[in-house]
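Order as written gives the chain letters A, B and C; numbering starts at 1 within each chain.
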């Protein structure tokens, strides 16, 4: 069976190599700004923009950048995109920008982004690099969104600001505080690992069955 | 890195020029985005400020920024950076109504920044708006979510000082019912107002001789920032 | 101290069968808590039974759900889940919604015990962890105290019956605890009320004397390291006496400090949890003094009226370190390396 390489690169970031749940990268924004779904989405979209933009540039100019100064060049490219995202958010959605605060400039330091430049975009052709970036960034957005939704539903009884349970809902205050981020992330990672071990067990059983048949 | 073109180490000129070009392009991009978003950002900030001022000073429809220079309050359009500013509010006829005073101080978690409206003729606080706070959600954040508490600043005597008292025991015009379960945050807000008032009351002119509204002043913007 | 300790100490080596097993030790603690539990029923009526029952149900459910199939029966039989639920319940306000009590028991066992690998592997006291979770999650419900029902056994606090995920209807029937009264309103509660439980507070903390009684039973049964409660209580007494020298008006008296809040409950039943407290005698003293100092520091200088829970949890975190630095020298070794 022949696999389409660019589709592979796109899909791996969303599930199999999910940057947050499998690679455990980008924890700082993950824990800090996911106290509501809307913040999570804004953060995710900013990261999406930065990652895809810098992967495109890094991959396009990969032959022109001498390897001795590659990290500095990556950082310059990433920082430019982050600044653009910062000002755009400030102009368009000042409320969300205020909530995200210092974490927008901190996208520069998100190890997911620099990691993709070093490990992928600087080695592969532009098309694959962009596909990889879109996949990874989507995985990141999905992870942020799932964490943000859980925390907003429990912590505020709402999703995207819409009340789900009526006025008498008792908010779980801890969920919108930093410990709630750690707890929720821990539970989700627990689920991912449990799922993975179940899958491995299943694959092993299948393999064993095949061996005994032959 | 798989950069096949670079066999051997490139000269330092190459390295420097690569970085210089990258920096140059990045600089151009940043200047571009800064210039194109600046008007919107300035407008947003000015609107936010106006809304806050109008909220804490009921009946106000015009405002101007005031700073204290050489012993008197003067109208400015762009205050210097670290200069304390208050806002004079005027009604539609240009009549002076009151001051909106920004103040900040330590709360339970972090600095609380507020804006309060003050009518010098009656020595009354007429409104309070929390601009920034990181108080505990569910408890301390009632300082801006509890409508009853915020309404308590609607007509509050500030002479000699505001006191936060246990809920339901308010008996004096200068007392306000503290929020149950958020005593520290409520007391912090009261303390911030008292301190700012002590600081400003000496600097304000006698009631009736406030700076006139200067139409040229227009809506002040925080362009100093 | 030094003179009375034998020169050779043996820990955890079951050279002689003592007849002391985990289930029997757990049962002893349950017996010791019986008077205080009874008192909570007396003061708060059937509400107390409901809250305690919900905590225990949550704790046991978590224990059952996350246990291995092979060891499931055993981990339920040793009654440690029941004990965790009961201890947690005794630290809760009587008017707490039952679903919160249930959640607290569940989280206490799940995050406080099972996730570490089960009984004996946990760093923090599971009951206190459950309480810390509840306090951070539902700060208002957890600090809404109700007065005693005054002998009406079947009166239920309306807050108890809140539907899951819904708020308790506050009926204005709240009463501040002695520590809250002192901290926020400068009102001192008389000592006799504290000792006999005529105050508002959590289910198990109101009656100091009954808690002491249970502690003495445990000490007689050799189920608890007497050094820990003694050092905690002594530290609290000495520290608050010292503070009293500076300003007797502002700081509580030593006996008030001992009998108010959850200090006795925490010092006797929670700090002494053998899993989360140091095993060496010197370590036990250090642990107890640390808890005592932290309790007073939090109560007097912190933003909260009560600090027993955080004091014990913080010292729980320091326990491995204390154990490491108080290991006795192995006989005949380590002299030259000092």
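The working rule: a residue touches a chain if its C-beta (ideal position, glycine included) is under 8 Å from a C-beta of that chain, and two chains touch if they have at least 3 such contacts.
Just so it is clear, the structure is predicted and the values come from calculations on it, not from any experiment.
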item	value
Chain pair with the higher count of C-beta pairs in contact (B-C, A-C)	A-C
Farthest-lying chain, centroid of Cα atoms versus that of chain C	B
Whole-Å separation of chain centres (CA-atom averages), chain A against chain B	35
Centre-of-Cα separation between chain C and chain A, whole angstrom	41
Distance from chain C to chain B - Cα centre to Cα centre, in angstrom	46
Sites on chain B at which at least two other chains make contact	136, 138-139
Multi-chain contact residues (two or more partners), chain C	139
Junction residues of chain A - those touching two or more other chains	173, 177
Of all residues in chain B, those that touch chain A in their complex	1-6, 9-10, 14-15, 18-19, 22-23, 25-26, 29-30, 33-34, 37, 40-41, 44-45, 48, 136-139
Residues of chain C defined as touching chain A within the complex	97, 100, 111, 133, 136-139, 141, 162, 165-168
Contact set on chain A toward chain C in their complex	157, 165, 168-170, 172-175, 177, 179, 183
Touching residues (chain side chain C, partner chain B) in the complex	139-140, 143, 184-185, 303
Partner chain C, residues of chain B touching it in the complex	108, 136, 138-139, 166, 181, 183-184
